[in-house]
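The following block contains the structure, expressed as structure tokens.
The letters A, B and C name the chains in turn, as written, and every chain counts its residues from 1.
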Amino acid sequence: MKRVIHIVMSRPLSILGVGLIALVLFSALFADLIAPFPEHRGTVVDFSNFNQPPGWPNIMGTDLVGRDLFSRIIYAYRLSLILGAVVLALATPVGVAVGLAAGYLGGWARFLLMRTTDVFLSIPPLVLAMSIMGVLEPTLINGMIAVTAMWWPWYARLVYNITLAEREEGYVLAAEVIGASRTHIMFREILPNCFPAILTKMTLDLGFVILIASSLSFLGLGVQPPTPDLGSMVAEGARYLPDSWWLTVFPGLAILVAVFGFNLLGDTLRDILGSGQ
Amino acid sequence: MRAVFRLLVARLFVSLLVLAGVSVLIFAIARVIPGDPARIALGPNATHEQVAALRGQLRLDESIWSQYAWFVNDLSRGELGQSLYTNRPVVKDIAQFLPATLELVIVAGILMICAGLPLGMLAAKYRGGVIDNVVRLLSLLGVSAPSFVWAVILMLLFAFYLPLFPIAGRIDTAFEVPGVTGFLLVDSLLDGQVAAFADALRHIALPALALALSGIGQAARLTRANMVETYDRPYVEMARSYGFPEWRIARSYAFKPSLIPSLTIIGLDFAAMLGNAFLVEAIFAWPGLSRYGVAVILRKDLNAIVGTVLIISAAFLIANLIVDLLIALINPRIRHSRDAS
Amino acid sequence: MRPVAKNLIAAAAMSAMAIAATAESVLRLDEVAVGELDPAKASDYADSILMFNVYDTLVIPRQGGPGHVPHLAASWEGSGNEYLFELRTDVSFQSGNPVTAEDVVFSLDRMQTLGLGLSFLFTNVESAEAVDSHTVRFTLAEPYAPFVASLVRLPIVDKDLVMQNLGEGEGDMGDWGQAYLSANGGGSGAYMVKSHNPQEETVMVRNPGYFLGIGEKAPDTVRLRYGLEAATVRTLIAQGEHDISSQWLPPEVKRALAEDGNQLLTEGGTGSFYFKMNTAKAPLDDVHCRLALANAFDYGSVLKLIAITDAVSEGSAATGAVTAGMFGARPAGTMLERDAGVARAHLAECSHDPSEFSVEISWIAEVPLEERLALLLQANLSEIGVNSTIKKIPWAAFAGMVDSAETTPDVSQIFVTAVTGDPDTLLYGMYHSSKAGTWQSPEHLNDAEVDALLEAGRVGASDAAREEAYSALNDRLLAIAPSIYGFDRQSVFVARPGIRVPALSDPAQAFGLDTMGFSFRLMEIE
């Protein structure tokens, strides 16, 4: 614990990361209290006050139907975090199971599982998610499915590589000798050794999931209005550059802040857990 | 050399296998898209008979297996069918748009290497110092925003407020560059038009930088990490104790081995950039495969979706193949033992 | 020849070329993502710009007034089921082939066989025959008063050229030249296609042999670019690198450009914006519920939303169910207005209880303005106690959903334009029961009186008879309210100061036909 505190405190960037994430989490959790106009997350119109530059009371300006941009960005954070958490909660177990099985069982299982993983990894991530969203209706749930479909192979790869190395370790061989079942060895012996790497990757990935999801909605294939979403805000605002710059710049910076925070945190975590992945 | 050749054949075989898998996957995805592509293609005024006729022509009423068999048959003759969106062969559409996207991605890749590696080396050399922390901050920032956000920021700063660069397109319409390779930067030089080359370069600068920013950060961080690791190796210590100049140690002992993981990441980043090009092209009105890709997905243009994804995946596989070969050439150990997966 | 003289001549030739190069005028404009060059497939604005400049039609609308004037035709006569057209004898295609009666017959055949684009306008034409080399007889299955008006949508194609360039296909006619005409021009129009790339750019140059001649100041070259982003167009115009924007720029961007000193061009009078209500599904199957919505809508706010400057707007207040300027339109002063009291009264009479239903308001994903209109209607409805939800639907999906009344949204937002400028092509497709369930008719209206009036309008023997029929139709449509008649639409384009487009700026020279204002031969570049 002392070491953890030391690593965090000795690096100003780590403190910044923790701070940013705290800020993002706090505003997402207490959006109803922080947002000056909570009702603006939905369908509200105020054509007497639309497309206004930053000022008071709309510190980030208003959008094209007169809604407060700051309030909408805060609610968009909440949505992004939920989406990121759900995607990782779905993708990690799938990827881990595939990676463990392929790495430990070997043979045909390895060939089949890892070649399937390769197929998914051979389609550029965004393109795969786009194709899937083309099939499905653009809703929050389907967006999660599409991003999950492109995410699990990375965990499969990661766990596969670790398993390959761990398989030859003494403790695994010992377990085999005393006749432990394969499931026991995979999930009770090898899996715990994958945790540090998985945890680090998940922290880093939370940021990247938010990034990819916003890219999807930027292309019109993600969450639909009136639900506030950072990617679609940037896309919609881009039509009004440079005059109404606040429509794109603030949501864009909001993405940057959140992802940057998770990256700094993941970076720190990597140092603490000391995994070289 | 023979070993490298054998590796090439093996990797090529695996790549083809993977590509076949991609074709099955994307074909299946494209066929379950809801909405009748024939109805969408013919427009709202078409009669039911016309729709039925087009469905027959597209073999949409046959089983999915039979459709796939026809698709493979066409593919073996180098055809990807007709696009319902442009009414042209998909191959022709892709041939037209792919060079612009590839040019953008390649220039971004070059930027990534030329900026990322030196930054990483600098950071490793002065690790723990100010430069190291600045590089770390910049590289983290680079990967922390989607490329469309960088595109918007760069465009606002350097095309709107400081009009240093053009805002959209590949080249000014005043220039007429004969198409040979499809890469304007190459074609303009082949034709001896230096002004056109300069103009094309000015056009590609901002989109390529927006696309490369996240890659630059990653390449820098990776190079730094690996160089730091090799700096601590005994043989480097030994070289140092022999009094070898520091620059020579950096180049010969620390840089070369650390190149391998960097190359791997560059291969992966190339894939990411092929996808992210969709985002950058939209902002800079870059006439590449992206506008086509998004439009055909929204219009359920089956042949065009399958063709576009297949081509992009093939480009990705080829890039990784090249990276693998380079690594094998650099490192004899990997040449012999590298696991195919 | 002595070397010096040779050099002098070469130098003179070069400087002459340089002058020619600098004197060449270029007009740069932009449109949606794809331009279709084959005239038989032309349907949207971009396609029509190409069609009206590369091809000619037998007649064109009279500028600044109703009716049509001869164009490729020298004269015509006929009514009821039969029309006889005499062609000009002095017109050649861009290929050099003369324009003959055979070409007219071929063009109609091709349009009808392919059955794409706006070919539905000609399903009623039984046959066209070449009486002699320059006379064509059209025979209709049943009388159709706006037949002559519909001919503005029958571009005449060079038959010999197409026959030389038939592509693969079933039967003698192969692909009917589709492959060729989607990449090359084949008409007699004022501009020739130099290069065509359907998703990037079409480059057109003057046709020196055009039969009407082309004004000195008309552009030598026209570059029509596709799919430019709004922000791009905005900057290009500001930097003087773009001449005329498309109408699809957001109003805010047009406003910013107008404030910078650019001019606004307008084209209107041929269509309207509607909230279309599904009359075949509860709760809007009850006329009182529909009237409640129609009276609740804030017709005044919508005008603020679409205003660009104090003087120019993307539309004007609706006067009734028929667009102002057409047969049967109500006088200019009688604007539709919001009346919450009347709306509440109708709601009380509606057989559905407002506390038990919610109205689904859809908007087309490709038209961002509609999201704002949906939000406005939603706010209006909540004031009279009607709940609603908003749903974004991509165009492609929408076109499929309207097939059946069950899947059609309660409220759909549609811009409809009369493709020939005649009210028949606006109203028949929207409200006749035989046409129910297309993108134009998500009302699924089935009203015998409306059907009868629509039929009377299209066979009306005289203008007076047609005026009477459409006027009665207007009253009936207001009484049963299948739609909320939002506003009369006007297309607004931004142009650089140096461009003169009389057909889009001077009402006395307007064509009264969507897109015809983009006849490049009538434009002037300073």
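Rule of thumb we're sticking to: a residue touches a chain if its C-beta (ideal position, glycine included) is under 8 Å from a C-beta of that chain, and two chains touch if they have at least 3 such contacts.
All values derive from a computational prediction rather than experimental measurement.
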Subject >> Pair of chains ranked first by number of touching C-beta pairs >> reply: A-B
Original post:
Among the chains, which has its CA centre at the largest distance from chain A's?
Top reply: C
Original post:
If you average the CA atoms of chain B and of chain C, how far apart do the two points sit, in angstrom?
Top reply: 40
Original post:
Between chain A and chain B, what's the gap in Å when you average each chain's C-alpha atoms?
Top reply: 22
**OP:** Measure off the straight-line distance from the CA centroid of chain A to the CA centroid of chain C, and report it in whole Å.
**Re:** 46
Original post:
Among the residues of chain C, which are close enough to touch at least two other chains?
Top reply: 229, 231, 235
Original post:
Can you list the residues of chain B that touch 2 or more other chains?
Top reply: 34, 155, 160, 282-283, 298, 300
**OP:** Give the residues of chain A that touch two or more other chains, as numbers and ranges in rising order.
**Re:** 220, 238, 241-242
Subject >> Interfacial residue positions of chain B with respect to chain A in the complex >> reply: 14, 17-19, 21-22, 25-26, 29-30, 32-34, 133, 136-137, 140-141, 143-146, 148-149, 152-153, 155-156, 160-161, 271-272, 274-276, 278-279, 282-283, 293-294, 297-298, 300, 305, 308-309, 312-313, 316-317, 341
**OP:** Spell out the part of chain C that touches chain A in their complex, as residue ranges.
**Re:** 229-231, 234-235, 250, 252-253, 256, 301, 304-305, 365, 368, 371-372, 375-376, 378-379, 390, 392
**OP:** Mind listing the chain A positions that touch chain C in their complex?
**Re:** 43-45, 47, 51, 64-65, 220, 224-226, 236, 238-244
**OP:** Flag every residue of chain C that touches chain B in the complex, lowest number first.
**Re:** 28, 33-34, 36, 38, 41, 43, 115-120, 178, 182, 197-201, 223, 227-229, 231-232, 235-236, 239, 394, 396-397, 399-400, 438-440
**OP:** Sort out for me which residues of chain B touch chain C in the complex.
**Re:** 34-36, 39-40, 42-47, 50, 85-88, 96-97, 155, 159-160, 163, 167-169, 173, 282-283, 285, 287, 291-292, 295, 298-300
